[in-house]
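Here it is, the structure, as structure tokens.
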Amino acid sequence: MSATLLFSILNVLGIFVFGLSGAMVAIRRNFDVFGILVLAIATGVAGGIIRDVLLGAVPPEALRTFWPMAIAAVAGLCAFFFTSLIERFKRPVMLLDAIGLGVFAVAGCRKALVLGVDPPGAILLGVMTAIGGGVLRDIMAAEVPRVLHEDVYALAAFAGATTYASCLWLGIAETPAASGAVLLAVGLRLASVRFGWTLPRPPSS
Amino acid sequence: MSATLLFSILNVLGIFVFGLSGAMVAIRRNFDVFGILVLAIATGVAGGIIRDVLLGAVPPEALRTFWPMAIAAVAGLCAFFFTSLIERFKRPVMLLDAIGLGVFAVAGCRKALVLGVDPPGAILLGVMTAIGGGVLRDIMAAEVPRVLHEDVYALAAFAGATTYASCLWLGIAETPAASGAVLLAVGLRLASVRFGWTLPRPPSS
Amino acid sequence: MSATLLFSILNVLGIFVFGLSGAMVAIRRNFDVFGILVLAIATGVAGGIIRDVLLGAVPPEALRTFWPMAIAAVAGLCAFFFTSLIERFKRPVMLLDAIGLGVFAVAGCRKALVLGVDPPGAILLGVMTAIGGGVLRDIMAAEVPRVLHEDVYALAAFAGATTYASCLWLGIAETPAASGAVLLAVGLRLASVRFGWTLPRPPSS
């Protein structure tokens, strides 16, 4: 599979799962269908818009082409009609969010590298793309963003983007590098929740 | 009346009413006069700044010229000195917000079209211009943005921008197209509040 | 001392103290060490990123070079390891925030002037650079930004940026102009807290 095709699929997947996660937060709050759509779209495309604005690639892809918003809107409608199905997962927002986190960390890092940003900056842009959508979703829902209070969140995005950039630097082909980095980031995030991994906290004083 | 003059008036009107709405939120929270000015200015110019950044038209108009911030500041001072007058309206923030919403949806859509964005992207930019100021106002006041929990809000902005773009595409002149689209968006928003129109919500489970 | 060196020092100082202030807010909320780092970095570099995006200087300095994020991360680690030392100050977040406010107001104003923005726009950009980091910190911690409810906050940033721009316009050399403007802004902010200066509020109705 060519790298371009892989990244198109990853991008669609990331927008879709972040859209679902935004919609689930909106549904939990009992917003109406248009509020659900707005939060699904905002969560799905915010990371990419932040990335494109920081890279100077304006108007951002999410406005130049129609499909990013359309995918997020479809995710919002899916969440609206199949709420109970999605809620069968124990913690659906956490799960969807983890997939989006890993996918966007690697896809954001790659777009920055393609546009000529150095690896350290590209890794940071990947992390910002990955956490941007979730931060906006949580801020709009008047919650503290989970990147701040959940353990191994930004760290998972950072690990994914760093792994991807390191693999390319070591001469590994794009497809295995990207696939491995996404799996690592998603796995790290899910494992940390499953096994209750915690990072050190300051001594409570 | 020429279209350029009409849009200048609409832009001033939008900044002024959004500035008033931001100031009224700040007054309700008992902020001091400078906090009121900051929230009035942020609410009045945020939508236009977001629009200009996404279009790559930087530095944004609100920084290149002095008057957008000045208009919003005047709105803040008006709200400060004439609070009780404005509060005679039953729900002043809702009313002012509705006017700003309709005006910025059409003005934002037009600026994007003028700068060469395709109609679907221009409509979305109009919606983002329209809801941006209010979202920032509510986030800064630590409230859930009304675009998420009030029915027929983003939908009204979307209807206004779509009507404007469609009218131009059908060959209707700018002045009637813009006036009609603004009236439609404002009317739709106010009617939905007046008559309690609601959009479907997910079945509470 | 050359003006360029002075501004490099001011910039490092501003990023460091804002990073400390973000970390202290995160520590107070009992976030883990990575959450502390994220809030330290976000608070330290957000103002500069907003400034660069509005000026069209993308990718922003904080992504093009590695050190702004590194300084903010070091500040986060310092706050983590020396929490009790920093807490000896009565109100550490307020104090650090005041220094960052003054430094970034002048540094932001200067960068805008260097890039050819007119003085009124440059002053406003200075104010936005100065308040941006703190607003993001408080929004992410789900608090009302202190720029809105604390007296003499945006006013201090405004005074600093205006003094700097006025001094340059009067032909005063950069180094004394910048030093004086920073001291004025920081002093104004601290004095207002120390002496309980208040600005007028609307009559509570």
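Each chain carries a letter (A, B and C) given by its place in the written order, and its residues are counted from 1.
One rule holds for everything that comes next: a contact is a pair of C-beta atoms (placed from the backbone, for glycine too) under 8 Å apart; a residue touches a chain by one contact, two chains touch by 3 or more.
Chains and their UniProt names: A, B, C = Trimeric intracellular cation channel family protein.
Since the structure is predicted, the reported quantities are computational estimates derived from the model, not experimental observations.
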item: Shared interface numbering between chain C and chain A [over half = same, under half = different]; value: different
item: For chain B placed onto chain C, the superposition rotation in degrees, Cα atoms, nearest 5; value: 120
item: Whole-Å gap separating chain A and chain C, where each centre is the average of the chain's CA atoms; value: 29
item: Two or more partner chains touched - positions in chain A; value: 53, 56, 139, 142
item: Residue ranges of chain A touching chain B (in the complex, touch as defined); value: 26-27, 29-39, 49, 53, 56, 58-60, 63-66, 69, 80, 83-84, 87, 139-142
item: Complex contact set, residues of chain A against chain C; value: 53-56, 112, 117-118, 120-121, 124-125, 131, 135, 139, 142-145, 147-155, 198-205
